[in-house]
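Notes follow the structure.
Chain nomenclature is as follows: A, B, C, D and E, assigned in order of appearance, with residue numbering initiated at 1 for each chain independently.
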Amino acid sequence: MFIGEVVGTVVATRKTANMDGLPLRLVRKITPGLESTSAYTVVVDIMGASEGELVLVSSGSSARQTIQTDARPCDAIIMAIVDTWQVDGAVQYTKGELAVE
Amino acid sequence: MFIGEVVGTVVATRKTANMDGLPLRLVRKITPGLESTSAYTVVVDIMGASEGELVLVSSGSSARQTIQTDARPCDAIIMAIVDTWQVDGAVQYTKGELAVE
Amino acid sequence: MFIGEVVGTVVATRKTANMDGLPLRLVRKITPGLESTSAYTVVVDIMGASEGELVLVSSGSSARQTIQTDARPCDAIIMAIVDTWQVDGAVQYTKGELAVE
Amino acid sequence: MFIGEVVGTVVATRKTANMDGLPLRLVRKITPGLESTSAYTVVVDIMGASEGELVLVSSGSSARQTIQTDARPCDAIIMAIVDTWQVDGAVQYTKGELAVE
Amino acid sequence: MFIGEVVGTVVATRKTANMDGLPLRLVRKITPGLESTSAYTVVVDIMGASEGELVLVSSGSSARQTIQTDARPCDAIIMAIVDTWQVDGAVQYTKGELAVE
């Protein structure tokens, strides 16, 4: 999994039938040190994340191991919304307190 | 998934039998800011996309989760045709209005 | 999938029993603009490709979706031999006419 | 698999139900020569690793081949805690003796 | 698959139970032109390879398509020991004759 920031939404009305009803979000990968990167991915949001929230993205066949995405052509999902993390004993992020630089 | 632009078509008459009838397209990856990149992939087009259209590409085993591609040696598909997306509250692309730079 | 050029052959007599009889080829990835790259992969050739031919390589679990490679520890195959492709309306390659630069 | 150092912990109370109870750790990839890299991943820790320990990370669908992670949207796990390794005949690391530079 | 050189061994006594008894080796990726690279991976060695031998590494779910690794959290194996390969008609390597530079 990697940590990402929800930065946008993708709308696609013409899609394979078994993707109907699954919201698509744009997620930008961030580093553990809270730096933004240029890497992004389009994911299925099964968590109802808001823009600016930091999330965990699960990729590959693992993205299909949920009730909503089982057997669907979806290769990445928002699997969790991050509350906090620390690196080397120091808190890097706490939801509601710090923003991505 | 990633956003790509359909830039071409690949023709291959000699292929494994279970790929017969599946159209192959060349897709160039683009950034959320609508910049073209040098990354490309060959995909199975199950959506009937046109050249120049922006699409979502699903990769890996997820590319086989459709009626057309089930159990076929296909590792990437056009899963949707993109209508619009926004990043940080600003619309980056609306089908029919903006072109990839 | 990606487009590659068959550049060589690998011989390995000591291998897992379920890989017996599957020919192994070296494939160099090329760009849609027919430029050679330094990226290469070893693939199972189920198509009987010749050296110098341009082929489509399918990777990951998708490489096992053929009769020859089903349930074998093979992560890439030659899935097709390319006849021609075009990008932005211009033919980039036609089998027998153009060579990789 | 790759060798990584456990550098932190991620807390996410809002997540897909089938990830409940699985601890999430931040792992930084290191080289066989014990150099730190900027590559990191978030993994499910089924081994109860401590911070600073060097571990083996297994990725993709292979991360689901354990009792704890079977059928869960988890794409990376700590599969083992490393005791020692050597390269070209020289011991690079022995648990408890050397630290990542 | 890719060609690699077996450069070391990893010992991990604390690991998931279903990895018991599977030897772990360090493999450095090499180019078809026999140049060493900085890319390495930890693999399960089902072939009994020796240090310095050149091998084929199979990755992802394909690494589980052997009797020894079926249903185990292993994402890369030594699938074969290489005897020889050629590129563009020239032999690049013959086991016992040439060494990686």
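In this text, a contact is a pair of C-beta atoms (placed from the backbone, for glycine too) under 8 Å apart; a residue touches a chain by one contact, two chains touch by 3 or more.
As the structure is a prediction and not an experimental result, all values here were calculated from the model.
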Count how many hops through touching chains it takes, at the least, to reach chain D starting from chain C.
-> 2
On C-alpha atoms only, rotate chain B onto chain D and read off the angle in steps of 5 degrees.
-> 145
Measuring from the mean C-alpha position of chain A to the mean C-alpha position of chain D, what distance in angstrom results?
-> 21
Centre to centre, by mean C-alpha position, how many angstrom separate chain B and chain E?
-> 34
What parts of chain C, by residue number, touch at least two of the other chains?
-> 60-61, 63-64
Starting from chain A and stepping next to chain D, in what order do the chains sit around the ring?
-> A, D, E, C, B
Interface with chain D, chain E side, in the complex: residues 7-16, 18-19, 24, 26, 28, 38, 40-43, 51, 60-61, 63-64, 71-76
Can you list the chain B residues touching chain A in their complex?
-> 1-3, 31-32, 46-47, 56, 58-66, 69, 77, 79-89, 92
